[in-house]
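The next block holds one structure in the form of structure tokens; read it before the comments.
Chain IDs A, B, C, D, E and F follow the sequence of writing; residue 1 opens each chain.
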């Protein structure tokens, strides 16, 4: 009897609302349960000064159906993960450097803290949050999210890096036309 | 035997992670299940040109524990509900006027449409979305959300109307210092 | 990368317990998120004097996996939505006319109210409920349900319009044989 | 450290949407996890010829928070559990006699079978269903439901044994006035 | 319109994280909802002196998507269901004989009781538990679990009947090498 | 308006099935969202050669209601986390040393791997699993679990360190009497 204790995702089969269909368990070896993509050094090279390595279920199919996922965050000095949100809650553990992490609730209250190595911070479900390397060295953190496909929605790129017209972006943010154009330039969308 | 088929919230009792404790069912009359706060005209008078009347479980305690809630959206000509998100999915039905409604997914793809009276649009869970009155008359819509306490997180006010320091807001958005200060002025926070 | 922030249903693929498999996101345009089937006038022409337009996930596939759905209810003067239930909770907003809406809990207590335009009533999960147009004009309401496929089970048609034998229907309702036969005639099942 | 592996309900504390608050685990002894109310003979003495012994979380508080409950069904010869529904799914096992059990789906299709001792039948979530003793001896069955507080809503008593006015009952069922009055008499409500 | 009120599993289609894809409802007859595998006598013939007849969704596909399942437990005199666990909670009803049933919580506290015919015991989600026939006759019980695919993980066979190397089994149990080898012999794995 | 975007647990209020009641949000400062108990060195000093620092919701109340939690695992050379399980799934990331981690499914198939620094392994919901330091240095790992109160049930201590009588422990494991007594001595329970 093949196992139905897990459902390693098979992206070649139709996806459903709860995730991928399961790879034939008879073909699932122990290696499927280990993700090695966090090994080694990660070099941030984007405008934010971060490197985000996502281990969501599309990257690590063993997470499929298990309601959990991870990501590794690397920051240059002064690097930042810009304001963003997920469908889920998130917990972060800092393993290198020193960062400020925070979230904002629906009363517009920001809760932010400076974290040291070994510190854990939790970001409640769907609330926008951010991390900034405020130390004098690069920083690294791991985050876990209680969903296999938790979504990473970066507010700045949502507004300025995709196909949203500038006039709509301006209207729904109250930003100036000039600033919207500048942001689109930063993200190469204008 | 008192009923346990509903759990009308009693805000005087301790709240738990799933909502309020239940009011004594013996004291729950039929009126508790009707919300009349959407009656009549609603006059937008804020900087966005909107009036949002929330019927979440803190306002309409009968929703407590039932996993659903509503809101009424009124727009002046040109009025807007700025970019925002919820913990839940949302469905909107337009009952007056003509609006553009849209959401943006995590690939930065915007899906937006012009809606006519009677049209329904759905916004997937936690995705940022917006509505703009593009017609020549005021507009009204009703939205339902599949959570009793779904949260309404407005991106602009989260960043600029609360206690988030300007230097952090700048850092996590890539906006210019000048624009951040201008936004804080709009919301009276600077 | 194609989006996994939504799962627009593809009825041509196998359905699972949580709904339809997802249409290829690359083929999902913005029109998929808008439902126009509620536009215009709806003319009740059945024995109950109602017209129910369901926007469940089989009709509006964008609801698939998002845990929400809608329906439009139209009533002639004196029209009625007969006693029925869903797997989910329901919220109703009245946009035209005046109706009595109510539900019955498991203690056999009926909670019913006369609603005016703009009034909202909530029906707790799975409880039988009903709506009656008691005004002097046609009436229209919209309902939302916190499930993509919430089921609409009408008690009278369940018992008398399908393949349930009359002797069983009689036995499990305590109705008279004569009345059961009369009900089956009303629904054309005898 | 007291246990948080269970949450035996304490009806003296406020109830929440997910059930009762937990009795102090330090005071929970092994006896709390055993329910003895199904022992011995049960004598049906109501108009339906049944005896339903519910072990829901209000009766057996150990079920609180665990998402499961039970009931014992006893039937005289010809006895019946009338048409009814729950918030949950149900599974039945027949341990004495022979019954017909069935449910009706939202297409008005009835699925019903004659069961023998040891047979199991499942009733999908929220669908109306029924059981009839069609054997020549009393019958007994046990049912389990995947909710601690799954609700038992009997259609006939909902309509005719509570406070629902006869004119509304008539309107929402299409039954004749005469039959409605007769049903109310059966249940002592008129 | 075919029914979407149930999702009888079709093992020939891809399985997803929430269970099997649905068999075409048009081909689902009433027989699909009845399981007859518990009929008659069951003769224990294993080393534990038990016979466990599982009616999980892979055996009884009607359970698929409905969140419930069952099993029948038969014991010889002195027979035992060894220490084991499930993903779900479980409720047991004893229909023949007399057993001791118990579970252990995460404080290492064992809650165990002697049950008589008709007694019900509940085992909280995921806690290890066991049953022992302590009467002078064979015993039979039925259990229900609030999951269609709840898993049955027997601790002794997990450790000693599969491919886990003896040195790892020894290391993670603190058992002696000799005892581990003896256990592997009992289960034929060494 | 106080926030209902989180529910920091207040252990002085009654607990419910979904966790603790919420501390008054007005009294929740930013420090509540940071857990510092993982800082510094952790010295294993038990019979297993491990030190497990749990950050479940009873220790870090900000996790309450958010469906996630963490733990830090430290191992001496040769140290082990013995066979154990949770109500939830778990993901582990190794940050120091080299360990073998594995789980066993309900077919008695063990899936185990040697992990290096930065490697991630996932353990499916409720499956027994273990970790062994097989390197030449101490090892440290962090685990996240998708529940605020996920339970840690160690099989050896469940059986031998609590109040379970030796004769029952023997009966439900098939271990020899002598070995059971030896295990009880190891855990100081005999």
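Assume a contact is a pair of C-beta atoms (placed from the backbone, for glycine too) under 8 Å apart; a residue touches a chain by one contact, two chains touch by 3 or more.
As the structure is a prediction and not an experimental result, all values here were calculated from the model.
Colleague: Could you tell me which chains are in contact with chain E and with chain F alike?
Modeller: Looking at chain F and chain E together, the chains touching each of them are A, D.
Colleague: Please work out which of A-B and B-D is bridged by more C-beta pairs in contact, and write that pair.
Modeller: It is A-B, judged by the count of C-beta pairs in contact.
Colleague: Same or different: at the chain D/chain E interface, is the fraction of residue numbers used by both copies above or below half?
Modeller: same
Colleague: Just how far, in Å, is the C-alpha centre of chain D from the one of chain C?
Modeller: Using C-alpha averages as centres, the distance is 24 Å.
Colleague: Measure off the straight-line distance from the CA centroid of chain A to the CA centroid of chain E, and report it in whole Å.
Modeller: Roughly 39 Å separates the two chain centres.
Colleague: Residues of chain A touching 2+ other chains?
Modeller: Only 1, 5, 14, 16, 18, 66, 102, 105-107, 109, 112, 125, 127, 151 qualify.
Colleague: What pairs of chains are touching here?
Modeller: Listed by label, chains in contact pair as A-B, A-C, A-E, A-F, B-C, B-D, B-F, C-D, C-E, D-E, D-F, E-F.
Colleague: Quick one: in the complex, what on chain F touches chain D?
Modeller: Per the touch definition, chain F meets chain D at residues 14-18, 58, 149, 151.
Colleague: Per the contact definition, I'd like the list of chain D residues that touch chain C in the complex.
Modeller: Listed in rising order, the residues are 47-48, 80-83, 85-87, 100, 102, 104-110, 112, 125-128, 130, 132, 151-153, 155-159, 161-164, 168, 171-176, 179, 182-183, 186.
Colleague: Can you name the residues of chain D that touch chain F in the complex?
Modeller: Answer in residue numbers: 1, 4-5, 7, 10, 13-14, 16, 18-22, 64-66.
Colleague: Using the touch definition from the top, list the residues of chain A that touch chain F in their complex.
Modeller: 1-3, 5-6, 29-31, 33-36, 38-40, 55, 60, 62-63, 66-70, 88-91, 93, 95, 102-103, 105-107, 109, 111-113, 115-125, 127, 142, 144-146
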